[in-house]
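The data blocks that follow each hold one structure.
Two complexes come next, and they have one chain in common, chain A, joined by chain B in the first and chain C in the second.
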Partner chain A sequence: MSQLDILLIVLRVAFGAFVPLCFIAVLVWMERRGAAYFQDRSGPNRANIFGFRAGGLVQNLADAVKLITKEDVVPGHITHKFYFVIAPVIVFLIALVSFAAIPFADVLILDGKEYIMQAIPTDLGILWFLAVAGFAVYGIILAGWSSHNKYGVLGGLRAAAQVISYEIPMGLAVISALIVYGTVNLTEMVQFQGQLLFGFIPMWGVVLQPLGAIIFIVAAFAETNRTPFDLAEGESELVAGFHVEYSSMKFGMFFMGEYVAMFTSSAIIVSLYFGGFQIPWLATDALVNNTRLVSFLLMLLLPVLALLFGAWMSKNNRSHYPRENDPRVREANVYAKIMWGLVIALELLLVIFLISGSGGMAARILTAGLQIVTFLVKVTFMCFVYVWVRWTLPRFRYDQLQKLGWQTLLPLSLLNIFVTSAIVVALS
Partner chain B sequence: MSGKIKIMERKGKDLYERLYLIEVFKGMAVTFGHFLSNLLDNSKLYVRHYPEVKPEITARWRGRHRLTKYEDGTMKCVACFMCQTNCPAKCIMIEAGERVDGRTEKMPVRFDIDLLECIYCGYCVEACPMDAIRMDTGIFSVTGDERKSFVLKITDLLETPGAFTEEEYKKGGA
Partner chain C sequence: MFADGLFLGFAVLAVLGAAGLVVFRHPMNGAMSFVVTLISLAGLYALLSAKLIFALQLIVYAGAIMSLIVFIIMFLNIQPSDLPKEETKLVYILGGLAVVLPIGLFLAKIVKSLPLSSTAILGNDFGGVKQVGLLLFKDWLVPFEIVSILLLISLIGAVVLAGKKEAVK
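Coming up: the complex of A and B.
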């Protein structure tokens, strides 16, 4: 193993572990501010450090401090303390581990060696996700059961029944996707989606498998226990469902686990159906061969984006009541300076890249960087869809949920398999 | 008992609505419209920036109590115990004493209102024959860090000025 090998292993594992963790903060923030904006409220925007509120992101720190310093109660009636404590750990860990097999960039070729850009460079791909993601419900069931509380048990049972009934359409939707892609390896799947259909449409899964995409997305919503399928914690009837008895960081683990699961399933949806790390019309080879053009375009695009963002920020980051020497305007000015500093730094990097000649290695690294950014942008948007749906749709009733799963999604996904395989056979 | 019977058309049975997805997308379009317009211009939010921007209090609002005074600064209250008797929450505690400013014979030497008991019903104001107690201070949030601070003494009640002019208060219907 060369030093490069070790460095890349560390980088990939760090990416797989820390990016979902960082996204917890982003997603909680997105959920709360997004929810507020959907409902014409403003959301948490007061918490600050020296007047810097970062659009409300600082609130996460306050929440974390609150959760960590809260008293960690294990109620006296709980007999199986081990299961009680291990349950949130399972939920959180499983959510984190299931991200490990998702590629965040195309295979990186450095010094003639291929590096699969996954936290765990395995060929299992989608099978890993299906196998591991199903485990998360064990945490929920354990939590519900060991809480020794009727609401907890009901929440756990609901979650179990729900995950069982939605895993079937999900698996069947994946099967029809597998028929199209002809592989279980997620990196190969995403590479497949880099092609063009009829020469101009990006061959994304959602174009080839529209019905499968819808079924998979609906089932993924149910898997992550998000509205409209969050019966396991339906607060109107079950108080909080499986985590009634949990307090402090044990609740925090459930909370974070939910957001990591949301991130992971967004990532898998994006990888399966929305082209993963692929930039539309710019497959990896095209990117590597035209790095000079791409970096030149990037140099043009960056200041334009920064200008737009700066204009938006100076318009919106100010107090909406008369206030002398508005601190929020001052705050926005500091952000603008930081942003322009970053833009200049990036431009310099790109200039160095352009001058020093886009050698094979540099071009590959630039491509990988661009693909990581694309992947994260797509995943963020998918997470936004989660938030968006949550604040639009009411919760299903329990029988409606089961009916939708067994009577609608299951036959549809079977039909989808038949139609897909017929077309694939006819075309080949 | 032959009232008009209106039979409501039951919705959600035809294929278009049972597809569900189209209606979902319509709903999502509505919410996204709100999100986008708020994101592009957050002055459109229906939010009052509360601690800095106070809500408008009308003259009819039943806020914290006060005891009124004549122009010469003597208190109107004659310790008739009407408000204390009428109080459903039993939060008023009056102790009568001899009047020293020469207006009448009686005045309260002690007039406590326990705001933790008070239900802000305004019956004391209605019962008062002298228009001596009013709830027109415009104070809608009373905070404190110990129970004792919520028991208002006669001096607190006399010191607090009304938030409205006499005309505004009268127009308010009191």
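Coming up: the complex of A and C.
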């Protein structure tokens, strides 16, 4: 193995492990500020370090300190302590590992070698996700069962029954997607979505498989136990469901696991139905062959975006009453300086790409970077959809949930398979 | 050798899990140790570069079937007082060992008498999703379809049997 190989292995694994972890902070922040936005209030924005609030992100730090320093109680009535302790670990780890087979950029060709941009470069793709995601239910069952508490067991039962029954429409929706793409490999699927339909519509999964996309998204919401399907922790009935007996970081693991699962399932939805890392109308080859133009456009675009963002920030990040030496204005000024520093650094970097020209190693790296940014932007938006739905729709009743799964989604997904395969056979 | 180490690890875990399934008293412990066996079997398949079987083992056995069994164990809410007293357990285990031991020794002898030959990894993405699919739908289509009809029959049978009870009431 050359040094480049080792470097790329480290980079890919680090991306697969740390990006979901970083997104926990972003998603918790997004959830709180999103909820506040939907309910017409400000949300947590006061926690600060030396006056720097980072738009409320510092609140997460305070939360983490709170969770870590809390007393870690294992109630005396729990007999199976091993399962009780291992359950949150299972939930968290499974959510993290299922991200491993999702591509975040197109196959990177450096020095004539191909590097599949996934944390685990396997071609199992969606099968890996289905295989690993199936284990999450163990964490929930073990947590509910070992808590030895009525609410815990009921919450565990609900969550497990829900996850098991929604796995079926999810799997069937995946099958109809597989018929269209003709592969289980997620990288190939996303490459397929880089084509154009009738020459001008990006061939995204959601265009080719609208029904499948809806079924998959609904099932993914149920799989992650998010509202409107979060009956497992229906506060009014079950207190907190399967994690009612958990405290401190053991609860923290469930909490983090939920957000990692949300990130992972957003990533899989984006990869299957929203073009993954593909920038619409700009496939990998187009980007690689036109590096000069792309980097020139980026050099123009970056300052404009920074200017707009700076104007928005200085307009909003100020006290709502007259104040001498407004600390918030000072804060915004520091952010603006940091942002412009970043913009200048990026511009310098882009100058290098502008000089180096297209087709070479630099062009490939720039393309991969752009695709990673595109992927993360899409995933962030999908995560916002999760937050959006959570604060818009009320919770389902349990029988409604099972009815929706078995009597609506299951026949629809079967119908979708027949229609899709008929069309694919007719067209080929 | 890394692969040899992995093989040893998975093999030991598989055997230990299977032993745990027999020895543990509480059904949840038994079920979880069986999950360990199934996962290590999946690892062994992966070492044999049977990617599809690896994924199917995890999805179907370790993921779906065992989670249903664990779900049912949770549903029954078994208390320690509900478990049967197993006083003669040791006798049964020893007796079972005495019966199985000659067979095991016989098998070990057969394996030892196999001629030593070097093995190489088959090319052409052997064991991949596409290759297994092509094989199943080209060379083994009729047996494959018969097996799926068998599964369908048992599915319908389960539905009919589940429905019958209600009719009696």
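Just so we're on the same page, the second predicted complex is superposed on the first by the 424 of 428 C-alpha atoms of A that agree within 3 Å, B and C clash if a C-alpha of one lies under 4 Å from a C-alpha of the other, contacts with A are read in each partner's own complex, and residues count from 1 in each chain.
Throughout what follows, a residue touches a chain if its C-beta (ideal position, glycine included) is under 8 Å from a C-beta of that chain, and two chains touch if they have at least 3 such contacts.
Fair warning: this is a prediction, and the values are worked out from it, not measured in the lab.
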item	value
Chain C versus chain B on the shared chain A, clash or fit after superposition	fit
Contacts of A:135 with chain B and chain C, given as first, second, both or neither	second
For chain A as apex, the angle formed with chain B and chain C - C-alpha centres, to the nearest 10 degrees	120
Chain B or chain C, by number of chain A residues touched	C
Which of chain B and chain C A:145 touches, first, second, both or neither	second
Contacts of A:380 with chain B and chain C, given as first, second, both or neither	neither
Which superposed partner A:48 touches (first chain B, second chain C, both, neither)	neither
Partner chain in contact with A:290 - chain B first, chain C second, else both or neither	neither
Three-chain overlay, closest Cα atoms of chain B and chain C, distance in Å	28
Chain C-contacting residues of chain A that also contact chain B	none
Complex interface listing, chain A residues touching chain C	79-80, 83, 122-124, 127-128, 130-132, 134-135, 137-138, 141-142, 144-145, 153, 156-157, 160-161, 164, 167, 184
Complex interface listing, chain C residues touching chain A	28, 32, 35, 51-52, 54-55, 58-59, 62-64, 67-68, 70-71, 73-75, 77, 80, 128-129
Parts of chain A lying in touch with chain B, wherever the complex brings them together	34, 36-42, 214, 312, 315-316, 319-321, 323, 388-389, 391-393
For the chain B and chain A complex, residues of the former touching the latter	21, 24, 27-28, 30-32, 34-35, 38-47, 49, 52-53
